[in-house]
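Look for chain A in each of the two complexes below; its partner is chain B in the first and chain C in the second.
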Partner chain A sequence: MPTERELAISPIVQESVQHNTRVISNIRSLTASLFGIASGILGLESYAGFAFYLLGTFFVSVLIWAFLAKGKQGEYFQGPLSELWAGDVLGGGMSFVLTWTLFYGLVRA
Partner chain B sequence: MVQTIHRDPALFYWILFPISIVMILTGVLRHYATILLQTTPKKLTLPALREQRQLLHGINLRTNYSAISSASFAARKNYLVSAYKNGDFLKDPDNRGKPAGNPMTDPAAMEGMMGMMKGNMAMMIPQTLIMGWINAFFAGFVIMKLPFPLTLRFKSMLQSGVATRDLDVRWVSSLSWYFLNLFGLQSVFIFILGNDNAASQMAQQMQQMNPSGAGGMFQPGQDPDKMFKSEAENLEVVEHEYILKGVEERVLGLV
Partner chain C sequence: MPSYLSRPLTVLGLLFLSHACYSAYEHSTLLTTFPQSSTIASTSTSSPPTASLPLDISLETIISVVMICVGLVVGAEELKPITWRVWAGKVERESGGGGPFQGLEDRLGFVDIRVGIISSMEIGFGNGGLLV
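Then we have the complex of A and B:
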């Protein structure tokens, strides 16, 4: 944790932090829906589907890390682990389950 | 053993899609209704505005003190602290020390409560209506199979109206599709309405659980005199340090 003095010298701007979180949540919700569609069409069931989602999310996180953060995650996020790698995974999971169920129903059942 | 049920594919067109479309449109409607129902903040009178701004002035000075030199900080601090203690900025100086009035009688407070009520109504009414609509039209049969297994406890909820004892819990009725929509549509709303939409009731409920601090500064029923006093105390204990102190070494260290 940076001290008060360090924060005063190089302050953290709330707007930028919010912007970064918004970018992450936008990407997450889009990709979660797409992963849901993919796993529904593939006909994945139970654990395979959730594993597919987690793997896909990890892949997307790697892409964010490589292209958006250019490998320097510490410069963009205060807590890279919770904000970049695990950010909004649960919220996206809801959308994933929705599209997964829809396309599973449309294609298979 | 895998149970299969042969269903009419028209089930999808007449149940699944209508429910989804109605849920999405309700979300869009709720978003715009919330925008329309937002009342523009009432114009404050000059003393009331001064009271608010001067308190903000103190808070800003306390949070950004390092940006000004010690002498100017001390000058500002002394001015604000003495004015706070005298109650120079108070809206009605005669009311000092009297207990705050009942928030129910204060018109400004009533307005805030009305706004909250409106937001709640915009959430509650569509929810009840859609639940009733689904229960009235689409109850009593299974429409789809979930791709993941659930425990038996969900059977009574997800298969309500389907009195088949041996049916796998994965076969669910239309009400569960409604619940899936309720939780999962947030991402769809992000695409349609942008990121700070008011469409999803889930997000709104989260917001209500932890209200932001900015709005709560001038809550009804709070005594502004006491707030000024506490702000004066906060200002007095600030240990000032100028940010440009020792800047030469820092700049040289960068080179």
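Then we have the complex of A and C:
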């Protein structure tokens, strides 16, 4: 976190911070359900499913880093590690488990 | 990657994903209908039929997921710079002189009188009049 003095010298636009967080959270919730569908189709079980989710989340983070942030993550996020690379991973995990179990049950009924 | 590719890529990926899903469903139905068939079932009969998803269905699933991910990320809204100076500079460049500091620059103390006089004289006397 930047100190008060750094914030006074180079202020932060709160509106942009909120906008960026919203974009990330949109992508995360959509892709989490998508990974749930995929792991349900693939028939993954227990740790393999969660490993698939973490791997997919990392892949999406790399995509965001490359296409949206264009490699300059410090310009768009206050804390790139928590906002870009780990942002909304736990929240997306819930919808991942939901669609995972749904599609596992649908395909292997 | 241009952003107009995002929508077709996502739709194509969804198409592939639904096809893979239906294929996996049909495959599992086949195995439960004919569990003794030697051509379909895996070599080890003790393992459940769910363990042997054909390679092409797995590949189709993974490729379609990658396609949808790329499509979603490329089609997402642009991120905005969070530091004030970068953001204000971007706004000013894009709006052509406006920007968040326009109110400060329009104050009377900031008016350049000489530029104003010269332009009003050009309007009043035409080109090549009193001006040297």
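Keep this in mind: the second predicted complex is superposed on the first by the 101 of 109 C-alpha atoms of A that agree within 3 Å, B and C clash if a C-alpha of one lies under 4 Å from a C-alpha of the other, contacts with A are read in each partner's own complex, and residues count from 1 in each chain.
The rule is short, and it goes like this: contacts are C-beta pairs under 8 Å (C-beta built on N, C-alpha and C of every residue); 3 or more make two chains touch, one makes a residue touch a chain.
None of these values were measured; they are calculated from a predicted model.
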Quiz item: Putting chain B and chain C onto chain A via the overlay, clash or fit?
Solution: fit
Quiz item: Regarding the shared-chain residue A:64, is it in contact with chain B (first), chain C (second), both, or neither?
Solution: second
Exercise. Could you say whether A:97 touches chain B, chain C, both of them, or neither, answering first, second, both or neither?
Key: first
Quiz item: Now for A:30: first (chain B), second (chain C), both, or neither, which partner does it touch?
Solution: both
Quiz item: A:106 contacts which: chain B (first), chain C (second), both, neither?
Solution: both
Quiz item: Regarding the shared-chain residue A:78, is it in contact with chain B (first), chain C (second), both, or neither?
Solution: second
Quiz item: Should A:10 be classified as contacting the first partner (chain B), the second (chain C), both, or neither?
Solution: second
Exercise. Please work out whether A:20 is in contact with chain B alone, chain C alone, both, or neither, and reply first, second, both or neither.
Key: second
Exercise. For the combined overlay, can you note the least CA distance between chain B and chain C, rounded to whole Å?
Key: 8
Self-check item: Shared chain A surface residues [contacts with chain B and with chain C]
Solution: 26, 30, 106, 108-109
Quiz item: Which residues, counting only chain A, touch chain C once they are in their complex?
Solution: 10-13, 15-17, 19-20, 23, 26-27, 30-31, 34-35, 37-38, 41-43, 56, 59-60, 63-64, 67-69, 75-78, 103, 106-109
Quiz item: Tell me, which parts of chain A touch chain B in their complex?
Solution: 5, 8-9, 22, 25-26, 28-30, 32-33, 39-40, 44-46, 49-50, 91-92, 94-102, 104-106, 108-109
Practice problem: Under the touch definition given earlier, write down the residues of chain B that touch chain A in their complex. | Solution: 12, 16, 20, 66, 143-149, 177, 180-181, 183-188, 190-191, 195, 241, 243, 250
Self-check item: Interface residues, chain C side, partner chain A - complex
Solution: 1, 17, 20-21, 24-25, 28, 50-51, 53, 57-58, 61-62, 64-66, 68-70, 72-74, 76-87
